[in-house]
Amino acid sequence: MSLRRYVAKRLLVTIPVLLIVTLVTFMMSHLLPGDPVAYMTQFSEIDDETVQQLRAQYNLNEPIWKQYVLWLGDAIQLEFGQSIISERNVTEEILSRLPYTVLLGVMSLGVALIISIPTGIIAAYKKGELADEVSRVFALLGVSLPNFWLGLILILIFSVRLGLFPVLPPTSYPLLSYNMIMFTLLPAVTIGTASSALLMRLMRSSMVEELNKDYVTMARAKGLPERTVVIKHVVRNSMIAVVTVAALQIAFIVNGAVVIEQVFSYPGIGRLLLNAVSQRDFPIIQATVLMIGVTIVFANLVADIAYAWLDPRIRY
Amino acid sequence: MALIEVEDLNVRFYTEDGVVKAVNDLSYQIEAGETFGVVGESGAGKSVTSLSLMRLLEYPGRIESGSIRFRDDDALDRFESEYPDNVVDLDAVRANHDVETAAARLDDRDVSGVQLTGDDRYEDVPPSELAAEGVIDLDDILDGGFGADAGLVAEDDFVVHDGDRRYLELLRAPDDAMRKLRGNRIAMVFQDAETALNPVYSVGEQVAEAIRHHLDYDEEAARERAIEMLETVGIPDAEERYSDYPHQFSGGMQQRAVIAIALSCDPDLLICAEPTTALDVTIEAQILELLKDLADEFDTAIQMITHDLGVIADICDRVMVMYAGSAVETAPVEDLYYDPKHPYTAGLMGSIPRIGDERERLQTIPGTMPDLIELPPGCDFHPRCPYAEDACVHNEPPLVDAETGEAPDPAAHDQHVAACLEYTGDLTGDLDFEVEISGADPRERPDRGTGPEEADPAGIDTDGGDRSERGARDRNGGELDE
Amino acid sequence: MSQERGRIRITGYDTQTVDEREDLSDWEPELQSEEAKGRMYYAWQRFKGNRAAVFGLTVILLMTLLAIFARPIEIAGTTVQPFSIAPYSPSTHRYDVATQAPSAKYLFGTDWAGRDIFSRVLFGGRWSLSIGFIAVGLAVFVGVPLGAVAGYYGGWIDEAIMRLVDALYAFPFLVLAIAIVAIVGKGYWNMIAALVVVGWLPYARIIRGEILSVKENEYVTAAKALGARDRAVIFRHIVPNAMAPVIVQATLSIGSVVLAAASLGFLGLGLPPSSAEWGSMLSNSQQTLHRGQWWITLFPGLAIFAFVMAINLVGDGVREAFDPQSESGGTEGGFR
């Protein structure tokens, strides 16, 4: 089957998963002790009018399945109501923070790839030598370090002691300005190094496996220069595993973002979620969780498609 | 001079468990256009030999010593102009050097007498002594591959003139020169075609790749030639299948594609490393037929490596039998089958089961091939040989002409040589196996596909051949009247 | 050689003489194979030879001992463990010695409430270690049966469970854990529950995969042909084989679980900050950083790092012990 049909097929399979994601998110409101409104009013002062609004919004008098359908309908239209704390539209709140987290995510992934791919290739090629052992140690460190601790240490060294990076977020600078990017750099490095540890080992093991295969000997037997053999033949095959895992790293990066945004006081979705949790701002909590879940499902879909695109054996 | 001459090749693998003597003092020659078989059990060193020819051997394997001489006029002309500093004239070398000084340098390098002569008697004798006594001369040093160590030639002098002979010394060639030869003048066909093909590129692209690289064709021209090659190897709808991926081909088609890649630049020597082992019998027959036809058409020499005696009988002109990293018998193919000289060869042929055999058990050669780290003393085969005597434990039999008992004449081409003390006259007993011949010659067929053919109901022929075409049969092997 | 041609047969080649005769020489190959032993035995041998793994194991054992003997343990009024390695109580506030840099008296310094950080780090090991082992243990306990059911029964049960797994995988575990804590509140068992809800997924997949592949396998068909019952065959053959990857996954997961618990603690969603849990100890350290009180941040983090690194070394060692061919693709961690 061609790529197009494969994509269509994967999309179809994704839909039930998406539905379950929405279901799980929806169930959040019903796993609460009491109902969402009671949850919210526990810690915050909410006037009666708003309470009534909320009750209507959550359709708490309807049977559960109807609540779900109504909620789902709203969700698709990106209607999540208002934040308790800020009284702004939830969707607006999220959208105002989203670009920052996206910037952080992109930079983290960039850092991860820039570090992991070349080192993985070198470690595989020089298997057993010093370069390989060093990469192994680095990978172990990357995975074992608590990333929030790494962030704190980095702040200590680079911001407090050396003063190289700004400590507080620049409030008045636009997203892609130099200042903002500099500010994002340290958190991106924090998240990226942990991610790169995993990707590097994967790149290495993938390449080592490929280097042992017959088609590599065959390519050499054809008299091709070593560089062509490695880059055109081996890396291309090794990338298959790496690309798919890189797409899956999005989940890892979101994880990291939530914590790291806290460490660096970074104005993104993660902090929004954490603030909402501490203040029981339920609409925000639910909407954010849903959005994250949906994003990851699509990231997985992209990973599947990338895999099929790279490996002809899958789609034919 | 032969197309390729291997002399005293020694390959070692340095592993955790010890040093594996994969190939020991191996010598053989292949003439242009001839099909040369290398047969032996697993672990005998066959594939290591072929990788060594192309210098594709990887760590922990190392070619320790020896000489591989390749005579290819096109490559010679080209390299003489591209590597003018790496040309050497042996006549000049002989004139300007004497054997004693050269041998003295070998002493310094700790080269032992046995390495130069292949004779165990000289194991502890230093080369200088051998030179002084006239046992070795400059040619022995050069042919054994010690020319560079002895200071006679530079380490990378690989384009060699020797009187009216010209050749490339492959073990001294630099890597980039080897790369120009690989795929171009010497090509290889692998055992498992599926893994030999890169799964993410189309088959056509993989054929065209070699063409572009070596023959410097542009994309269009390379593509056309690649399609031609695919047609030549018998892949139908070649133009469409050019852009198909390896996994879309059947096993036989994949192997044809690999052959297409190997022959794409019209090499002089094709090394086939067990190309049909992974295929089923009918496909195997087709592939062998293909190889035979192509070798004839393009005048390509083939080194056919296999463990299947049937394949050997089908397409080879001469055969070398290997055991534990050494050659034990080399002969023209008919001589090998109808008059085997070495007990191991006889044992191999005796173990092929036959219909109508009255024995109750399948005959095998007892024991297993020894671990190449610890070879038996004396003759490698003696622990399994029914004719072994005390002498066999103490003397390693040299490879000698079976008729005369003398060392083989490098110039003579169709000699029958074997490595057994019987032929040097040192065996007290006799090798009393015999070859019984019955029925008509299975290799003699009028035309393929016409007329009655040799009876072979379900027996296993020594010729792999053409099972698809069988005429009427008679159980006793006679011909049926039509 | 005769001029005749035809089908050949070798006669007179008597291999019996080889079997019957005495050995001609003393030569015997030395590299003989030894008696085959059980798989666990080999795995343990390989593990023992792996110095990094043994080092990791030693560190884990050491930390466990330190955690147990840090302060006395009382069960139902009786003192089970009387030793106290920690020089000070982890919870007494003493404002007169607040925020002191490390010294001979207070090895790791003191925090804002005058508590000895060294003692708290020792004592806090109990939380991290116990959460790690318990959460993983429970996750295995949940995941393996679910995966087994899915694999064994197949059909819509399999579909349902696997879709659930896919959906749960869609949530980054920390986000889901945060959501769960948001709902059920903070606390020791709540945190463990959150970690288990997210953590059982890999085991289900592993076991299901093993069952599916074995179901196809011919030895199952052979056993059935001999009359064995499905259930017995599958559980007797699959479970021993499948436990290896489960053990590997579990060992590696401990590291990620501890990191996750620490993260939750850091975010304030775990144990109360007065408890000596390492992550919680770090949750207030941001402010202290700017005042240059580096010791409050360094030591608890170092403890987490040491433990996770050690357990990852052990996990790598376990994986290589069971499958020496596998290139250590790196410590992939338990969750993602």
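Going by the order they are written in, the chains are A, B and C; count residues from 1 in each one.
Here is the rule we go by: a contact is a pair of C-beta atoms (placed from the backbone, for glycine too) under 8 Å apart; a residue touches a chain by one contact, two chains touch by 3 or more.
On a predicted model such as this, the values are computed, not experimentally measured, just so you know.
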{"item": "Chain pair with the most C-beta contacts", "value": "A-C"}
{"item": "Nearest-to-centre chain - CA centroid comparison", "value": "C"}
{"item": "Separation of chain B from chain C, taking each centre as the mean of its C-alpha atoms, in whole Å", "value": "52"}
{"item": "Approximate Å spacing (C-alpha centroids) for the pair chain A, chain C", "value": "24"}
{"item": "Chain centre separation (chain A, chain B; CA means) in Å", "value": "57"}
{"item": "Complex interface listing, chain C residues touching chain B", "value": "1-2, 4-19, 23-25, 27, 29-31"}
{"item": "Residue numbers on chain A that touch chain C, as the complex places them", "value": "16-17, 20-21, 23-24, 28, 31-32, 136, 139-141, 143-149, 152-153, 155-156, 160, 167, 197-198, 200-202, 204-205, 208-209, 248, 251-252, 254-255, 258-259, 262-263, 273-274, 277-278, 280, 285, 289, 292-294, 296-297, 300"}
{"item": "Of all residues in chain B, those that touch chain A in their complex", "value": "54, 56, 178-184, 187-188, 190, 192, 195-201, 209-210, 213-214, 245, 247-248, 258, 261"}
{"item": "Touching residues on chain C, where the partner in the complex is chain A", "value": "163-164, 166-176, 178-179, 181-184, 255, 259, 262-263, 266-269, 279, 282, 285-286, 289-290, 292, 294, 297-298, 301, 304-305, 308-309, 312-313, 316, 327-333, 336"}
{"item": "Complex contact set, residues of chain A against chain B", "value": "213-215, 217-225, 233, 236-237, 240, 310-313, 316"}
